[in-house]
Structure formats: structure tokens, C-alpha cells
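Next, two complexes with chain A in common: one pairs it with chain B, the other with chain C.
And then the complex of A and B:
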């Protein structure tokens, strides 16, 4: 706990010193990133100690606010969520020193470092707060600091618009959280989490109402379907290491809040889990389908976050349902799968976002169709992106496999134990999850194939340069962690077990049992890694001996093939789009069809806006705005009218008093 | 209490002046009426609480400010900006008078229902105070000119002052002094605002301020 306070101190100092009126950006970057890095190192040690100790540490400092107190608690669940926060925060700060020093970004770097430090600070508070008011305070700080980070490049209209969408979504969500805490404290009589244990005696309908409040409130931050609409706009707009922090860690704090507050509610009826599973699988399918349609790399990755949150939600929902129906073994597997996937996702998604940032940094565009051939020009970044792609596609020897393996096993387990219709649903979910997995491979091969392979599609891409050591070093650290997770799955399981102790002690004891240990997955991964390295060495050796000559790619019979003839990002997804997607996902296209033997010049454009945003939220808010603008007449601008309002209200109040 | 009788007479006079203010369009007369009303009110502490140092200070302070200083400032102001009449009230004089009558009647009815302490039951202070507050409000709502608005605030303050009389013994001197000082400052601010509106919009009409919204 003391180490965490040290971390707070460093974050605060970093935030403060970064906005001092230094001459030039160097000093601001030095202090800002230094504060973040030192704070994260301290916090990492603190979180590791907390995780290893397995005992909850508390800290209490009464404040003069009514109902509020500076009360912290570091237990297994908090430490589990602090781990990815400090890892990604640390690596992101290293990455940011170089990323923010390039292009036109230097002039914002000071303020950006302040917000970056404050974001990590407030996320630490969110995860460790043990008082409702402190939690809400930290939650709002997190929303605001991340809003300011999204609009870092506020000279771009799209960044500002994305920022507003984000702010609106997150505040609407926070309103539900306020409602939750107000009603919860009405039952428990205090805002201290320790007193929330009383909530366990609530009747099921009341508890279900509270659960729904939690789901909407945290869902809008976690980006669960259909509250994900801010996510695909906000992540591309933010600087890449901030996207990594937001997508890798910030959306997970919402999952933390959901789990933490869920643990106070009484035993869940099965439909809670069923609802989470339904939202999860729909979100996963929707997210990955939309990811396949985006030509903006970061937008595609943002949709993939929606997909992964869907998978995590599916696992957690399955855990709740199995626990409610008494299948403790499957419940333990599902909980482990959800938690491990959550940890893994924060690592590989951060890696991929940073990789996308490096591609942008090198080629000057986020558009896949303006990249191409970057593997040759940015080899280190390219290899690291491929590593991230393997991890996110749940392929060995990386960590993505471990979490999904547990989820699949949980579904299979209950599919075989149950019988009849009850067994049907888990088995259908296996199929749907496999479909999602296949689509992830399409999305990743699309990004890798279009951006990294082939020939450059723009002159900027042809002049692309490799990122500096701080950028690729940060990514390499994440890639190594991903690899370590894949090679040592037992470690992941132990870490998740610590968090599970708090949520479901029965599951934790089951998980501690060696029978479930995925040690052989690690051995398989080592073997596979050995095979890959051997194959690579063999091919290099063959090339070196001159057995296989290197020559140009097959030219399809064209004398002068150009990059304009190659597959574009859109054409790559045409097959799944026309064969699999339902029509509501279809992108809007300006027809470029050619007719006749001597066609004229044609242009073709392609756009895939979010259908939920376009068809649901935008019409709703437009209508709400129309209704509300009717009330603008109340603001007459006339002093007399305002006085009349005051007068009439006073008279009414007097009457009201007189009546009593 | 025996002392109520002359005080009640004064309070009835205050109500009469209220009606005059609501019905008159001549600014000079209005300002003088407000001055007389303030002067009458400043006598009240002497009638209720006798000739103690406290009540003498209260009476003297109120008389100086309400009876002399503020009316003098307002009279000087209208001489400088050359206006004599409130030309275009938002609600006419007769309807305002009717509203004022209704408000006064309502104040009397309402004050009967209030849970008062025994000493104040049946006294005229509460209904007259409420009626004067309502008059001030009506003045503020219906008149356009900044100067009549200032008068509205003054009448409003007179109502508050009547209420304050009931508490004058309990109220520390500093609070009284503070209220009076507040009033003086408010008139100064109003004077400055009047001057500014006049300069910016070449009129004293507060309606012009609506162009400042948003």
C-alpha cells in the first residue's frame, strides 16, 4: 500500500511539472514521462506484493465530505487489475516520449503528459477505492482526463467530435452509476464498500434493478454492445499510446467495477448471466464484423476491442449462469477464462495499438490503403505486429490462446455434462465463438497483408522509416510478455486465481487444483516456437546456399504491375461481407461499376459507419434535441420574465408551506 | 402590546403607498413616495422597541439611507438622464393595481395560516411585509425602465425590513448594518448599470439587455 502512495506522489509530481512553463518540450517530456515511469514501477512492485500476499490491505482517512472518505483497499481483485494498468502505463510512457516528439505533436506534449499522469492516477484510484463517493470521484476524473487525451490534437475537427461523443456517452453512463450508488447507500446506510455487504439481503427484483443499473453504467465505459458507439471514434483520435492505455486498461476498469459491485449483490438468478452472455456474443460478432470493414487501422483495432470485451463478458456471464445453476466446475473454468483473457487482451491490444501508431508514424497515414510494403521498411515494427496478430488470433505460442482455451473448455464442459436443450446453448456458443475466432484471423491477416506485405501504395509509404528504439522497445516488451504468457500459462492461471478468490472462493479452490492446470499448453507452445525457429533457420540456410533463388512476385501476366492493381483493404473483406454479414452491417458504397466496352473513368468510395450509432443513437438524440429546443423559449433573455419565474415559484412555495 | 397601535397606523400607510407606487407613472413622485415609505418604516423600531441605543441607531441609519441618501441619488440620476415617466409598462397600471390588491389580500390570508409565535399572532407586520414584498416583485416584473427596477428593489427591501422588525431584538447590530450597506451598494450598482445601458443602447430600457443572452 505504501508503494502505491509513492506512485501517487510520482504521478502527481509528473503531472504538475509537465505543465510548468518550460522552454521547449524536452523538459516537459522528461518530467511527465519520468513521473509516469517511476510511478508505474513503484506501483507494479506494490501490486505484485499485494497479489503475492493475498491479504487485503486497507487505508482509511475520514474526509469532511458527507458520506465520503479517502478509503482504499488493495486485495487480489484490485491487484489483478493494477497489474496491466502499470505495465501498459509504463510501456506507454516510454513509447510516448518518442511518439509525442514527432510531427506537429510537440506543442501539445506538456499538457498531454499531465493528463496521461492524471489518467493513470485516477485509474489506480478507481481500482483501489473502497468508498462509493471516492470511486465516483475517481471515475469522473478518469473520464475527464481521458477526454482531454482524446482531444489532444484538437486542431482536427474529427478528434474534437470523437471527444464529444465520448464525453456524452461516458457521462450518460456515469448517471446510471450515480443512481446505483444512491440507491445502494439508501439500503446500506453508508457509501463505504465495507457496509455494502448488507446488499446481499436484498430481494431478487430489487437486486436485478441494481444489476441492470451497473450493466448500463459500466457498459457504456467498457464499450459493450450497444453502448460501444464512442469507442471506434475515440480510439483512433487519441495518440497511439493513449489508445493503448484506454483500450487495454481503461475499458477494463469498467469490468472491474462490474465485478466488484456485483460481488456485493445477492446470489444471481440465472438470467443475469444469460443476459451478459447474449450481449457478449452479439457484441463479439458485431465488433469483429465491423472491424473487418474498416480501412482505418486504429478504427479496426477499436472494433476488435468491442469484440474482445464481448468475449470477456460472455465468459463472465457464463460463470454467473453456471454458478446459479450449480455447475461449479464449468463456472470456475469460465471465470478463469474471462479473467485471463482480460489480462491478455490488455497486453496484446496495447501492443497492436502501439504497432498501428508506429505504422502511422512511419507512413504518415492511418489508412490501410495508403500503406503497404512496410514489412521491408519497418522490419522490427512489422515482426512485432505479427506477434500481436498471432496473440489476438489466439494462436500459439502466444498468450491469447490460454484465455480462450479456458472459455472453450468451460462451454464444452457444460455442453457434455448437461443434456437436452440446456446442452444446446453452450454448444451453439462454441460454434459462434469459433466463428468470431475465424473472423479475427481475417481481420489480422487483412491488416498484416495490406499494410505490411506487398508494394507501397503511396509515396509516403515508400519513404516510410523504422520507429526509434523507444517505440519498438516498448512494443517488444509487450510482445515478450505476450510470449511469456503463452509459454507459462500456469503463471497466468495463478494470477487469475488470486482475483477469483474474492469473487468466487469455490472456483478459486478448484482452479488451484492441478488437474486443471494448462501446463501442457506451455510445453506445446515451446515445441511450436522451436519448430517455427527451426523452419526459419532452414529457409535462411537454403537461401544462403543458393538452392532457392529469390525473384519477383508472380505478376499476373502484367508487364508493369503496380500497387493500384493489388487487393485493397475493402476488396479483402468482400468475401465475408457478401457471404456472411447481415445486410444491416453493409457499408455504404458509391457505385463504381463499369458498363460497356469502353468505360469512362469511374470512382468508387466505401464507408462503413457504425449502424448502431447511425440508426439508433443519432435519430434518438436528434429527436431529443428537437423536443428540448422547444424549451428554449423559457430562456427569454428578459430580466422581467426571470423575475416572474422567481415570483411565481415563491408564491407556489408559500402556498405549499401554507397547506401543511 | 400597547405599542402596536401607532405602529399599525404606520403599516397601513405603507400599504397605501404601495398602491400609489403601483398605479403611478411619474418617476419623481414614485421616488418621493419610496422615500416617505422608507422614512415611515425607519420610525417603526422606536415604536416597537422603545428608545434604546440599538433602536435609535437602527432608526437613524434607516432614515438616513432609505429616507434621504438613496432617494437623493435616484432623483439626481433621473435628472441626468432626462426621464420623467415610465412610458411603456409591460402590464398596464390598472391590471398591476388589481394584481397588487390580490397579492395584498393573499398576504393577509396567508399570514393567518402561518405557524407564528403567540406574540406575533394577529399583528400587521407579517401581512404588510409580505404585501410589500409582492409589490416590489410586481414593480420589478412589470416595469421596463432601469430606474423603476431600482425602485422595485427598494420596495422589496422595505418589505424585508418590516420582517426584520419582528426580529430586531434578536438581530445583532452588525447584521442590520450589513443589510443597509448592501442596499446602498445595490443602488450604486443599479446606477452604474443604468448609466451603462444608457450609453450602450441609448435608452434606459432593460428589455434591450435581451440581446445579451447567449
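And then the complex of A and C:
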């Protein structure tokens, strides 16, 4: 706990010193990133200790605010969520020192570092708070600091618009959380989490109401379907290391809140889990389909976050449902799968967002169709992005497979033991999960194949250059962690087991059993690496010692191939879109059809806006705005009308007081 | 140890024979003499001795495609029983690893194809990843049927002795599973009616067009890997159809080898008697197979 306070101190100092007006941008970067890095290092040690100790530490400082207290608690669950926060915060700060220093962004870098430090600070508070008011305070700080980070490039209209959407969505969600805490404190008599244990005696309908409040409130932050609409706009707009922090860690704090407060509620009826599973799988399918249609690389990754949150939700929902129906073995597997996938996702998604940032940095665009050939020009970044792509596609030998393996096993376990309709749903989910897995490969080979491979698609991409060591060093650290997770899955399981102890002690006991341990996955991963090395050696040996002659890619006799003839981001997903996707996802295209023998120049444009935003939320808010504009007449803007309002309200109040 | 040795020997030694048998069967139907049975061995041997030309556009990803294409079937084969010769490696949940392992080779084959920057290869890659998406759930559903019947989550047990009793108790389900896995063998190994392995430049090709720019030892590795992939996936179908065991290892090996050759003949017959499907029909057929595999599961659940 003391280490955490040390971390708070560093974050605070970093935030303050970064905006000292009398120093230059260089000093701001130095102090800002230094504070974040030192704080994260201290916090990492603290979180590691908390995880290893397995005993909850608490800290209590009364505040004069009614109902509020500076009450912290560091236990297995908190420490589990602090781990990715500090890892990503640390490498993000390292990455940011170079990323923010380039391309004329220096002007805002001081303020940016302040917000960055405060964001990590507030996220640490969210995860460790043991008081409702403190939690909400930290939650709001987190929303506001991340809002300011989203609009870092506030000279771009789209960034500002994305920021407003985000602010609106996150505050609508927060309203539900306020409702939850108010009603919870009405039942328990206090806002301290320790007193929330009383909630366990609530009747099922009341508890269900509270659960739904939690789901909507945290769901809007986690980006679960259909409250994800802000996410694909906001995450790409932020600087890349902030996108990594938001997509990798901030959305997980919402999962933390859901799990933490869920643990106070009484035993869940099966439909809670069923609801989570339904939302999860729909979100996963929707997210990955939309990711395949985006040509903005960061937007595509943001939609992939929606997909991964869906998978995590599916696993956690399955855990709840299995526990409610008494299948403790499958429940333990599902919980382990959800938690491990959550940890893994924060690593590889951060890696990919930073990789996307490096590609933007090199090629000057976020558009896949303006990249191409970057593997030759940015070899280190290229390799690291491939690593991230393998990890997110759940392919061996990286860590992504471990979490999904547990989720599949949980579904298989109950699907093969149960009979009738009870087995039907897990089995359908396996098929859908396999479909999602296949589509992730489409999305990732698309990013790698269109952005990294082939010929440069723009002159800027042809002039691209490798990022500096701080950028690729940060990514390499994450890639190594991803590989380590794949080679040592037992370690991942142990870490997840600590968090599981608090949520479901029975599951944690089952998980500690050796029979469950994913030893074999690690052994197979090592085996795979060995075989790859052997085959590579064979390939080099057969190739001989001479230089391999190279020539142009065979163009079937056409002598002047150009990059405009190669497959583009849209053409790569044209077949999956026509063969598999629901027509409601169809992108809007501006027709580029040519007529006649000597067609004139035509342009073709392609856009895939979010159907939920376009068809559900935008019409709703437009309508709400229309209805509300009827009340505009009340705001006459004339002094005597306002005086009349005040007068009449006073009279009404007098009457009301007189009645009492 | 003997098991592992026999496994690898069968896989590495016998797999190139299958394309030879398929080719001979097709030649027989067309009234030609056809290439000799051992043609694939000659091809692979010759390619391993040849020089290599690579495109100026490509990077290490292009070279990684053949490497993974060779490694993945070998590793996958270790988890699959060949006839009644048990799998050398088996653990609970290895079926998930098995499926994702093929995902790894697909990831790199598609990336390697896109690495050339040619639109032909891009076309093939897009098709491959799309069709695999639809084939993967089929594999999972078929495996679930077997997992339910055997009560185990490892391929070795699922394709083990339990099959004998399963054929009596759940025959209809298993027949559907055999059909589904056979379709998966055809689509994953780029056979007619999904893909034509004999032509290169048709715009309707999938796999052959992806490997257009590979040459020399790299192409040899691709051919060898493809033959082994056919062998591994085919072994599943053969085991399903011939679940018995004679008790003698050598007889079992012979029985299994005979089964594999028979499978090759059947594939040859299918290729000779059917026309390639139009590209837009392929997803429909795959979804149909998916539903069929799901139906076989429902039969078991009722």
C-alpha cells in the first residue's frame, strides 16, 4: 500500500511539473514522462506484492464530505487490474516521449503529460477505492482526463466531435452508476464498500434492478454492444499511447467495477449470466465484422476492442450462469478464461495501437490504403505488429490462445456433459466463437497485408522511416510479455487465480488443482518454436550460400504493375462482406461505375459508419433535441420574464411551506 | 518412442503418395495414363534441389509462409491418431489447439501472399481466409459430436476405441460427421468442387494463386506441407470410417495406409465427376455443411 502512495506522489508531481510555464516542452516531457514511469514502476512492485501476498490491505482516512471517506483497499482483484494498468502506463509513457515530440505536437505536450499522469492516477484510485463516493469521484476524474486526452489534437474537428460523443456517452453511463450507489447506500446505510455486504440479503427482483443499473453504467464505459458507439471514434482520435491506455486498460476498469460490485449482490439467477453472454457474443460478432470494414487502422483496432470486450463478457456471463446452475467446474474454467483474456487483451491491444501509431508516424496517415510496403521500411515495427496480430488472433505461441482456450474448454465442458437445451446454447456459442476467431484472422491479415506488405500505396509511405528506439522498445517489451504468456501459461493462470479467489473461492480452489493447468499449451508452444527454427534452418540450407536472385513480382506478363492495381483494404473484405455479413452492416459506397468505351475519370469512396450510431442513437437524440427545443420559449432572454419566474416560484414555495 | 517414430514415418513417408493416387485416379477417368504414383516425391525432391527467386517487394513474411505451411501439419499430426496407432501427444483440450494451429499456417500463407503485392495473390488470400471462417465452426461441431460420444476432450480418445460403440449408438450422427469432415478435407486442401489444384491463372483459384510467386525449395516445402495437411485431415476421416483395431501394430498400419489410399481414390473420383463450383456458391455450400454438422449435434442432444 505504501508503494501505491509513493506512486500517487510521483503521478501528482509529474502532472504538476509538466505544466510549469517557465520551462520548455522538453522539460515538460522529461518531468511528465518521468513521473509516470517512476510511479508505474513503484505501483507495479506494489501490485505484485499485493498479488503475491494474497491478503487485503486497507487504508482509511475520514473526510468531511458527507458519506465520503478516503478509503482504499488493495486485494487480489484490485492488484490483478493494477498489473496491466501499470505495465501499459509505463511503456506508454516511454512511447509517448518520442511520439509526442514529433510532428509539431510539442505545443501541447506539457498539458498532455499532466492529463496522462492524472489518468493513471485516477484509474489507480478507481481500482483501489473502497468507498462509493471516492469511486465515483475517481471515475469522473478518469472520464474527464481521458476526454482531454482524446481532444489533444483539438485543431481537428473530428477529434473534438469524437471527444464530445465520448463525454456524452460516459456521463450518461455515470448517471446509472450514481443511481446504483444511491440506491445501494439506501439499503446498506453507508457508501463504504465494506457495508455493501448487506446487499447480499436483497430479494432477487431488487438485486436484478441493481445489476441492470451496473450493466448499463459500466457497459457504456466498457464499450459493450450497443453502448460502444463512442469507442470507435474516441480511441483513434487520441494519441496512440493514450489509445493503448484507453483501449487496453480503461475499458477494463469498467469490467473491474462490474465484477467488484457484482460480488456484493446476492447469488445471481441464471438469466444474469445469460444476458451477459448474449450481449457478449452479439458484440463480438458485430465488433469484428465492423473492424473488417474500416480502412482507418486505429478505428479497425477500436472495433476489435468491442469484439474482445464481447468475448470477455461472454466468458464472465458463462461463469455466472454455470455458478447459478451448479456446474462449478465449467464455471471455474470460464472465470479463468475471462480473466486471462482480459489481461492478455490489455497487452496485445496496447501493442497493436502503439504499432498503428508508429505506422502513422512513419507514413503520415491512418488510412490503410495510403500505407503499404512498410515492412521493408519499418522492419522492427513490422515484426512487432505481426507478433501483436498473432496474439490477438489467438494463435500459438502467443498469449491470446491461452484465454480463449479456457473459454472454449468451459463451453465444451458443459456442452458435452449436459443434455438437451442446456447443452444447446454453449455448443452454439462454440460455433460462433470459432466464426469470430476466423474473422479476427481476416482483420489481422488485412492490416498486415495491406499496411505492411506489398508496394507503397502513397509517396509518403514510400518515404516512411523506422520509429526511434523508445517507440519500438516500448512495443518490444509488450511483445515479449505476450510471448512469455504463451510460453508460460501456468503463470497466467496463477495470476488469474488470485483475482478469482475473491470472486469465487470454489473456482479458485479448482483452478489451483494441477490437473487443470495448461502445461501442454506451453510445451506445444515451445515445440512449435523449435520446429519453426528447424524448418527455417532447412529453408536457409537449401537456399544455398549465394545471394538469392530477386526480380519483380510476376504480373502474368504485364510489365508495369503499380500499387494501384494491388488489393486494397476494401477489396480484401469484399468477399467476406458479401458472403457473411448482414446487410445492415453494408458500407455506403459512392458509385464509381464506368460506362462506355472511353470512360471519363471517376472517383469511388467507401465508408462504413456505425449502424447502431446511425440508425439508433442519432435519430433518438435528434428527436430528443426536437422535443426539447419546444421548451426554448421558456428562455425568453428578457429580464422581466425571469423576474416573473422567480416570483411565481417563491409564491409556490410559500404555499408549499404553508401546507406543511 | 516407437509410436512417435511410426507416426512421423507414416506422415513424412506416405503423405506425398496421396496426390499421386488422386492424380492417377483422375487420369484413369479421363482415359489418360497420367503421371506416375510417385510424381509428388519427384517434384518435391527436384524443387528442393533447385534455386530460388524471390520478388523484390517481399520481406521475411514471404519466406515464413512455406515454413509455417510445413511445420503446422507435422505438429498437428502428433495430436491425431493414425488408425489405431495412438497419438504421441494428447491432452485435454488439444482439439482447440489443433484448430488454431491450422489458423497459424493460414495467417502466414495469406500474409505471404499479400506480401508480393500482386492482386492475384491478394484475391487468393481473401478467399482463403473467408472460406476458412465458414469451415472452422464445422470442424468444431464435428469434434463436439465425437467429444460427447467419447466423453473426452482430446483427439486421441475422441478418435479412439469409443468409436466402435458410438457407431452402434449414434450411427446417423456419425454419418453426418463423416460427410462434414470429408467436405472440410476437400475445402482445406483446395480440391474440386471448391478449388482446382491444377490450374494457376484462373481468376477462380484460391490456394494455387496464393503460392504463385514461390519457387524452388520454398515451393517444395509448400507442396510437402499441403500433402501432409491432406494426410492429417484425411486421417481423421479414415479413422472415423474404420474405427476397428486388429491388435497387431503392423496390421493396423497396413489397414490405415490402405484406408488413406482409398480416401485418395475417393477424392480422385469426386474430382473427376464434379465440376468446380462458381465462387459465389462456395460459401453457400460451406454454410450448408455447417448446418449439417449442427444437425448431427442436435440428433445427439435430443
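A few comments on the model shown:
FYI, the second predicted complex is superposed on the first by the 639 of 660 C-alpha atoms of A that agree within 3 Å, B and C clash if a C-alpha of one lies under 4 Å from a C-alpha of the other, contacts with A are read in each partner's own complex, and residues count from 1 in each chain.
Operating definition for what follows: a contact is a pair of C-beta atoms (placed from the backbone, for glycine too) under 8 Å apart; a residue touches a chain by one contact, two chains touch by 3 or more.
Given the structure is predicted, the values throughout are model-derived calculations rather than measurements.
Looking at the shared chain after the overlay, A:427 reaches chain C, while chain B stays out of its contact range.
By the document's definition of touching, of the two partners only chain B reaches A:637; chain C does not. Legend: residue contacts after superposition of the two complexes on their common chain; A:194 is shown touching neither chain B nor chain C. After overlaying the two complexes on the shared chain, residue contacts for A:647 are found with chain B alone; chain C is out of touch.
Touch criterion met: A:444 reaches chain C, while chain B stays clear of it.
When the shared chain is aligned, chain B comes close enough to touch A:658, but chain C does not. Judged by the touch definition given at the top, the superposed model places A:386 against chain C, while chain B stays out of reach. Among chain B and chain C, the chain that touches a larger number of residues in chain A is C.
Judged by the touch definition given at the top, the superposed model places A:454 against chain C, while chain B stays out of reach.
Partner chain B is touched in their complex by these residues of chain A: 635-640, 643-644, 646-647, 650-651, 654-655, 657-658.
Across the complex, chain A is touched by residues 48-49, 51-61, 63, 66-68, 70-71, 74-75, 89, 91-94, 96-97, 99-101, 103-104, 106-107, 110-111, 113-123, 125-127, 129-130, 132-134, 136-137, 139-141, 144, 147-148, 151, 153, 201, 212-213, 216-218, 220-221, 280, 283, 290, 294, 297-298, 301-302 of chain C.
Residues of chain B that touch chain A in their complex: 90, 106, 110, 113-114, 134, 137-138, 140-144, 149, 206-207, 209-214. Of all the residues in chain A, the ones that touch chain C in their complex are 372-373, 375-376, 379, 382-383, 386, 389-390, 393-396, 401, 404-405, 408-409, 412-413, 415-416, 419-420, 423-424, 427, 430-432, 434-435, 437-439, 441-442, 444-445, 448-450, 452-455, 518-521, 524, 527-528, 531-532, 534-536, 538-539, 542-544, 548-556, 561, 563, 565-567, 571-576, 578-580.
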